[in-house]
Each structure stands twice: as C-alpha cells, then as structure tokens.
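Multiple structures follow.
Two complexes are shown next, each including chain A; its partner changes from chain B in the first to chain C in the second.
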Partner chain A sequence: MNVEPGNALLTVTEVRKAFGGVQAVADCSLSVGAGEVCGLIGPNGAGKSTVVGLVSGSVRPDGGRVWFDGVDVTTWRPNQRARRGLLRTFQISQAWPRLTVIENVMVAAPGTDGESLLAVLFRRPAMLRKERERWQSAEAILEQFGLIQLRDSPAGILSGGQKRLLELARITMGGAKLALLDEPMAGISPALRTAVLDQVRSLQASGVAFLVVEHDLGVVAELCSRVVVMALGRVLSVGTLEELRQRQDVVDAYLGVSNQ
Partner chain B sequence: MSFFIQAIGFGLVTAAVLALAGVGLTLQFGVTNYANFAYGDMMTLGVYLTWVFFAIAHLTFVLALLLALVCMAAICVATAEVIMRPFVLRGSPPLILLIVTFGVSLILNSIILAIWGAGSEAFQLPGTQPLDLGPFLLTPLQLLIIGTSVAAMFVVHLLLTRTSMGKRMRAVSDNRELARVSGISPTPVIRATWALTGVLATLGGVALAVDASQFSPGLGEGFLFAIFAVVILGGVGKPYGAMLGALVVGVVTEVIGLWIPQYKLDVAFVVLIVVLLFRPEGLIRSAGKA
Partner chain C sequence: MSAVVALLAAALMYVIIYAILSIGLNLQYGVTGVVNFTYYSFVAIGAFIAGVTSLGHPPAGSGETYILGWTLPFPIPIVAAAIAAGFFGGLLALTAFRRLRSDYLAITTLCAGTVAFDIVNNTTGLFNGPNGIYGVATPLSGQLNVPPQNNFLIMIPIGAVLLAGVWWLAHCIDLSPYGRSLRAVRESRDAAEAFGKDTFWLQLKVMVLGCVIAGIGGALTVEFVGAFNPSAFETVETFVVFSAVILGGPGNNLGVVLGAVLVQGIIIQGSLYLPAFANQELVPAIRNSVIGLLVILVLYFRPQGLVPETRPRIGLMRGRTGSGHSSTPSESAEVEV
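Moving on, here comes the complex of A and B:
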C-alpha cells in the first residue's frame, strides 16, 4: 500500500503495534480531512492513545503506513512530522515547567534558524530580530487564548485547564494543520471546559483539522462531525455519533456503558 | 575575625571557579540526561591547550584562551558525536552512558599524560601580589577570575533566555519528548550544549589552574567531585541552581578550611548531604515537572 490513498489530510492504513505480547493496535485505518474535526472513541484499552502515538511519530508501527499532507511520513521522526504541521497534546497536559508561559509558546515556533550557536555568535542582529517577531506572535496568541496575564510565570504553576490552553496555544504557534488531542477534557475544571471547546472551534474555523480522543460523548457530539470507534485495537465503525448509536456492536462495545 | 572575612574572600574566588565549571556540567547533564565523568579531564585538556598556545606558541594569554575555547568546543562536540552518540542511539540507559564517560575520562587523561607528562606546569602570569581591598586581601588575578565568572554567568543567562537556541536547550532539558513532538530536533540542541560545555569546562579549568598557580594532569579530576556537589546541590540541569550551589560550596569550604584545611573539599559533601536531607530537590525549588 505505497500509493497515497485518497486526498485526506491524514490517512492511516492498517497500522499495528504490539508492546511485548500485548497487541495494542491490531488493525487501524482511518482518515481525517482538511479542516475536519474527527472523533476517536472506544473503551479503555482500545488502543486510542497508541494510535495518537503512531500518528505523531513517538510510537513506531510494526506495520501499516501513515500519510500526512500528501507525504508518506511512516518513517519520519516526531519533530519532522511536527514541522510539517502534525502536532499533538497529551492526556495529562504537558508544558515545559521551567520555561515561562510565553517561552513555552515561542519555542514551538517553526523554522530552524534557532538551531545554531554560530548564528548566535555571528548573526546576532538577525537572530534577535527573529526572536522579537516570535515574541510578538506569541503574545498575540496568548492574548487569543486568555493567558496573557500569565505571560511571565513559569508554566509549572499553571492549573490543568490553563496548561491545556497553553498546549493549544503552542500548537497554534507551531503552525498546526492537524492537531491530535488526547482526551482534551481530562483534568479540567468546568469553567475552562467551555474555554477549551471555544478555542478548538475557533482553530477549526481558521482551518486546523483535529483528531480528538475523548471519553465524554457530550464533547464528541459538540465538536466532531465524524467519529471513529475502536475496540480491542481495531476500528469497529465510522460514522456520525447518531449513526453509531444505532449500531448494536458499537453500543455493546462502548456506548451502552456510558449511556446507562 | 579578619581571618574569617578573608576566608569569605577566598570563598568567592572558589565559588567563581565552581560556578564556571558547575554550570557547564549541569547544562550538559540536563540536556543529554546523563552524568559526564570525563568533565574533569575536559577541563584539564582545556588548560593544557591554553598553556600550549600561551607558553609554547607565545600568544597573548587572552588569545591563547580564546583559541583553546574554540578547540575544546570542537573536541567536546566531536567526543559526543563519535563516542557517546552511538550508545545514545542504541538506547543505552544513563548508567551505561555514565560508564562510557568514565572511559572517555581515561582516554583523555592518558592523552594528556602521553603528550605533556605527569609533571606540573604553570602559566606564570603577572598580578600575584595581593591587594588590600578593605576586609579582603585578593590578588588581581583572583579578581580577574571573579570578574570573568560573573561575566560568563551573565552571558550564559542571556543565551538561555534571549536566544532561540537557549530556549530550546532549556526545553529539551525540561521535557525532551514534548520538545520532539513540538518540532524541536534534539540533535543540534545537544551539539550546541556540548560546545558550550567545552567552553565553560575550559574557562573553569583555566580559572582553577590560575588560582592554584600551577597545574598537573590530575587538575580537573581532583576537583570533579566538588563540581558534582555544586551541580546536585543546585538541582541537576538547573544552571541558576549551580550558580547558587557554587556560592554556597565555595564560601563554606573556604571558611571551614580555616579550621580543617586538609578536609576542605570534603566539606562540600557535608554541605551537600545536609542540604539534601532538608531539600531533596536541591537549593532551587522548581515549579514542578509536569
């Protein structure tokens, strides 16, 4: 399967991954179109987080292929995928705790011009100008995400919800075309839930596509136009949440449990 | 009392040396995530290179030092690329990497012994007459060491906070996996860190050699454990912690050294143990890893 299948932004074909003797993902194929918000649901242990790892590149597949933005990225490292616009957030929101909030956003800026000490020594004016531009974009993004008053605080002091917003700010700075959100509502206060939902919607409006792993079906219903259901490492079904509610195997595997 | 204040003066000089060396070691430790036991020999090699350029090639001291800094930056990057990287790529655990650095230490030390022999050398710089500075009695060279250290710390601070490379270094040190998925390639960051480590090791080594007025192939190795005490005291991977740790260890060792001079460096470990008993994360409390 080395021909690019379809013209979706992300296409995953028949990926599998085993950890030791456990087949975390047995067979997963899915796609996400440009600007689409696609849900990924399933009971615990279905392999959803492994799929996020496989797509972002932190987990190497045992087989299958990952296509992103018209290129086969199966063998690409996570930083190469990120540079192309494939970015992720984590179930437990992650930040660089000892960097300030604005530094957390600035450091995610695309471009490789910060990667040389020689540039620091010999192209200082250009380097400093670039850094000022990054500061300004980062400030604008913090403004957008309501984090501007925390600009100079170390990210380690943020609450779970604030860190989630910071994650979204970071992937915005990183030029995300597709963002993988691994349980974006985990560990967030109700007040910040709405903020996170609003931010995801406005990013979608600006053209960012999402693959959202989420347990809360209310959130899935609100955000996702299409939902992929996984169970035991396999894709069980794909459709709108309404369609999926009609399917007995899906209800048995997952929906029934949370609808009781 | 005047002895006491005098000892604080010497303590500041020792702290200046420890800060230069400690910041280099802790930055590399934080970014690469393994301890480098060859650091003492990297310091020593930097000292010998400076000495070759100065005493044998008859360059001015500043020019000799600058040349040695460039050479040591390159040597440290090359060592990391040629020797350490294959082990890192193979996924060796930090303990194995630490043992590999022991090997690097032996290699560097043997090279130094083979080329320059086991005897001691000296820079023979002017400025060894003590100046009366109020309560302190310090030589111009010692003042120069303090000045250089303060200036170097300021430059490191600017590099870490004002440049993109510095921020990336801190990001890779804080959470490497997050850095990767955010598009930061660790390789150039690690290379830059090793270059900076080579520069700081050399500055620390030369400051140590100048302060001690002579040096031999065991110079850096003998001082390495005091540097580790500084690094652990400040919290591994925390350059500002290492600066504070250097100040504490430097002053305390010199002051206690008034009474038990033969155990001066051992005092560093007593300080380390006492501090860690009460603050296991080191002197600087971080905002929490998350």
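Moving on, here comes the complex of A and C:
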C-alpha cells in the first residue's frame, strides 16, 4: 500500500496486534477515502474484528499508525475518535436497552453540552433549548429510519434488524464522517436487510464514508466500490469484488467457498 | 415533650438520613451502574470529619486521641464532611475506574472498605481507634437553647433542607443530557465510548457526587447521634442502603426514598420496639434476615423495584416545539410517564 497518510479520510499503516501468543493482526494497511464505502472481508479468524477495534480505538495496536481526518489518532481513546467523526456499530447490537429509542439517538448527538453539573444546575434554559434542538433532529432521523412509532419504547424491545437501524440512526445523529459497520447484516430479516442497505446508501450519498465488515458477499457487492481481503492477520489483496474473484489466492483463502 | 414524640422524631430523622444516602447511592448504582460496595465508608468519613472539625481538642487526661480537633461553626463541619468524602471517593474512583469494570470494581470497593475499616479501627491517633468519637454537640443547640434530648428540633429541619437539596440535584441530573449519558454508560460502556462519551470522567464525577452525598449523611448522623465508631460502618451498613435502593426502584429517586422509608422507617425503626426475646441479638438478626429476604424476592419477582425507573417523555414536547420559542424553556422536557 503506498497511501500517504493524510490523503485519505482513514489511513491505517502496518498495524499489528497480538493477544497473548496469538497474532490477531500481523500487518494491516488500508485506507478509506471520504465518502467511499470500503468492504473488509476474510475468513473467520482473519483479524477483521480486531482491525475494527484498532480503527475505532477500543484496541491499542502493538505497532503501526492510524490516521483519521488528517490527524494521527493512534493513541486516541474511542470517545476522542468518535468526537472527530469516527463512529461504529457493533457485531452484537449495542443499543442502550432501558433508554427509549429517541434517547438512544439523542445520546449520540455530538458535543457534550449539558453533561456537566454546572450546566445541569445553573444553565438550565440553555441546556433545555439545546435539548429541544436535539430532540427535533432525533425525531427527524427516526422518521427517516422508519422507527418513529417506536420513539418512546425502550430500545431493549426492538428486533435485531430494528436495532441495526437504530445503530445507523445513532451514527447519523452523531455526524459521522466515517462509520465502521461490524457485520451489519448478521441475523436480520430480508425486509430489514433492504432497509439497512438503503440507509447506508443514502448516508453515503450525504457524504459519509463506510468501512464494512461483512460475510455476505451479496451485500459487499451491492455496497462496496473497493474491497480489502484479509487472511491470517494480513491484507491479502485490495480491489473491486470482480477483480478479487479473478485472483486465485483470494479465492483459495475465502471466496472459493462462496463461489461454489 | 413526651417520649413517644421523641422516638417518632428520631425515627423520622433516621429516615431523612437514609433517604439522603439512598439518593446518593442511587446516583452511583441505580443511574450509572457503579457498584460501590463500600458506600458506607464514605458515610463514616463524613461522620468522623464532621466530628473532629466540631469537637475541639480532646480533654486532657481523657485518653482520647483524634486528628484536627477544631471547633468550626455550623455548617462548616457538614461542608468539610462532604468535601472529605468526595475527595476519597474520587481517589478510589481514580484507582478503580482506570482499568477495572463491573465485578472487579465491586470487589475493589469491598477491599478498599476493609482496608479503611482496619486503618480507622487500629489507628488510635486518627479517630480514637475502636472507641470512635463521642460527645459531638448538636449544631446551634447552644444558641437556640435546645436540650440534647430534643435535638431533633434542630436536626430535622437541617436534614429536611439537605434532603430537599439533594433530591433537587438528583432530579435535575435525571432530566438532563448528563443523566441520559450516565444511563448509557450503565447499559453499555463500550457503546457510550463509541459515541464520544468520556466514560471514565462521567463515572468519576458521579462517584465523587455520590460520596459527597454520603458524607453529608454521615455528618447528619454524627451531629444527631453525637457519636460514631468503627463498628457503625461494617459492610452490613452498606447492604442496608443497597436494600433501600433495590427495594424502592434503582434509577428512580422517588422509589429509593420510599425504599428508605420502608427499610429504615418501618423495618429497622419498627424492630427497635419489639420485645427482646431469647437473647439480645435475635431481633436485629431477624430484622436483617427479613431485609435480605425482601431483597431476594424483589430481585426475583420485581427487579425494577417498587417504583420502576421512568424515562422522560420528550415526545410531549412536540406540540410546543413546533410553534417556535413561545413556550418557556423550563417545563416541557420535564414531563415524566
């Protein structure tokens, strides 16, 4: 990979991570441009989820650098990266179950206004004004994601697919520049699958870039203009899905099974 | 003043103190999910500090030894108690929250409490060792000329004002983005971090705040009772406050205050007037068993407690927000279901 840090929205160079004796990621470099949807595929154990952790900041690399939005964020914590516009979904949906659906979206609002005692006690009018703006944006987003009827329900009662949509709604509210989707289609119904695909496309149209980890190559083909293939902790190849299907090493490592 | 009134007043004072403690623990456990198994140690810190900042130096030849020995006027000892408890709460949080999560954090707090107990119990120079401090005068009793047996006439109004303040603080937090983010931390710390929340800082602040409230409760205790010693802050005391929060409804201020009324006002105070049978220890033992059994039953059949947590129905703002800024900004977000 000869991507110079700073050219792309996200640039990962030669990151490594071992857990105990297991080298989960041996050498991974990749980049995602602004507004691009990039796929990350590979067999189980290839290190995809670790890469998601390394990019989001929940996993600290043993070596290598991560640049985001022109800054070296390698040592940043997840919340610092999030505030710069790097948001994620989780392999197992992490809705806040006892908060209502609209509260789930409102928590994701950028900035931390109203999160200090000072604001709570002495700047209540300003806090409530801001709160009302947040509520209006959150409601508009729920409308857009078809979750408006569930606005005041606790998020814990949502189905798997609805939780995926809620995660995307949070990403929208959070003003993501880049969203990491960790297996967004895992365990959701066909109808909601279409809804999730549509929402990702419309977010992309509004300028959000994505790095999508997904096993379903149909979804990868539909969404991703470029795909990174990992195997055994290393990047094996990068290209369009069509290009990758022509490469024997990629087919052997991963695609072979799906192509039969 | 008849003896019955005095007894009822004492029960009311204990309920007020426990309501304050429950609100503080609820901020930590109910709202933020921080399991602080040594909550009562911060009550003890408050009690000891309020004591040694108002007692003056120990009388010569009494054999008592404790630090400070100041005679600060009301309400400074209460403020000092709150600050000291908050400081140590912050210290514990700094060490525990950096790396530890949930279960390990709970175990760490338990260990810290044990260490604190042993230090206080075995260091006579600190708070007079196992004998503790005694003879703490009720604030303003000299000026108002109130005899010690009627000190509830002073302490109940002070306690009620502090309870109202603590309630208001917790209520404001509940309805703010701050309270919402704390709940998000409780339900998934990872997701809260992934959406820009500094979970360490949020938990640290709530730990300090809860311990400040514990310190206030401790100060009220020592000023009302007049004495405090290490046997008053064994682990079972934390368990009693936890039981009030769990029975009442974690996450709900009204619930935890009702829990305090139930546990302290009805069960504990009520049991004081049961005739002692068999031996002296039996009634307290049965009392604690009843509380423990109630907690188990509630956790099994009604884990949300007597009064479940409510979430603000922000949706009710809709009608008003559509019409621009005509509505007052204070009311609309505060309607609960």
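Throughout what follows, the second predicted complex is superposed on the first by the 255 of 260 C-alpha atoms of A that agree within 3 Å, B and C clash if a C-alpha of one lies under 4 Å from a C-alpha of the other, contacts with A are read in each partner's own complex, and residues count from 1 in each chain.
Simple rule for what comes next: a contact is a pair of C-beta atoms (placed from the backbone, for glycine too) under 8 Å apart; a residue touches a chain by one contact, two chains touch by 3 or more.
The shown structure was predicted, so the numbers you read here are calculated from the model rather than taken from an experiment.
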(request) Have a look at chain B and chain C on chain A after the superposition and call it: clash or fit. (result) clash
(message) For A:Ile92 in the superposed arrangement: first (chain B), second (chain C), both or neither?
(response) first
(message) Per the contact definition in the header, classify A:Ile102: touching chain B only (first), chain C only (second), both, or neither.
(response) second
(message) Going by the contact rule set out at the top, does A:Pro184 touch chain B (first), chain C (second), both, or neither?
(response) neither
(request) Would you sort A:Arg129 into first (chain B), second (chain C), both or neither based on which partner it touches? (result) second
(message) Per the contact definition in the header, classify A:Asp152: touching chain B only (first), chain C only (second), both, or neither.
(response) second
(message) Per the contact definition in the header, classify A:Gly161: touching chain B only (first), chain C only (second), both, or neither.
(response) neither
(message) Let me test your reading of the model: by the given contact rule, A:Gly233 touches which partner, first (chain B), second (chain C), both or neither?
(response) neither
(message) A:Gly42 in the overlay: touching chain B, chain C, both, or neither? Say first, second, both or neither.
(response) neither
(request) Could you give the residue numbers on chain A that contact chain B in one complex and chain C in the other? (result) 56, 58, 77-79, 82-83, 87-88, 90, 94-99, 103, 106-110, 112-117, 119-120, 127-128, 130-131, 134, 154, 170, 174
(message) Help me check something: in the complex, which residues belonging to chain B touch chain A?
(response) 159, 161-165, 167-168, 170-171, 174-175, 177-186, 188-189, 192, 195-196, 238, 286-290
(request) Report the residues of chain A in contact with chain C in the complex, numbered from low to high. (result) 56, 58, 77-79, 82-83, 87-88, 90, 94-100, 102-103, 106-110, 112-117, 119-121, 124-125, 127-132, 134-136, 139, 151-152, 154, 170, 174
(message) Show me the residue ranges of chain A that touch chain B in the complex, using the header's touch definition.
(response) 56-58, 77-80, 82-83, 87-88, 90, 92-99, 103, 106-110, 112-117, 119-120, 127-128, 130-131, 134, 154-157, 163, 170, 174
(message) For a test of understanding, state which residues of chain C touch chain A in their complex under the given definition.
(response) 169, 172-173, 176-178, 180-181, 183-184, 187-188, 190-199, 202, 205, 209, 251, 309, 311, 313-315, 317-318, 321, 329-330, 332-333, 337
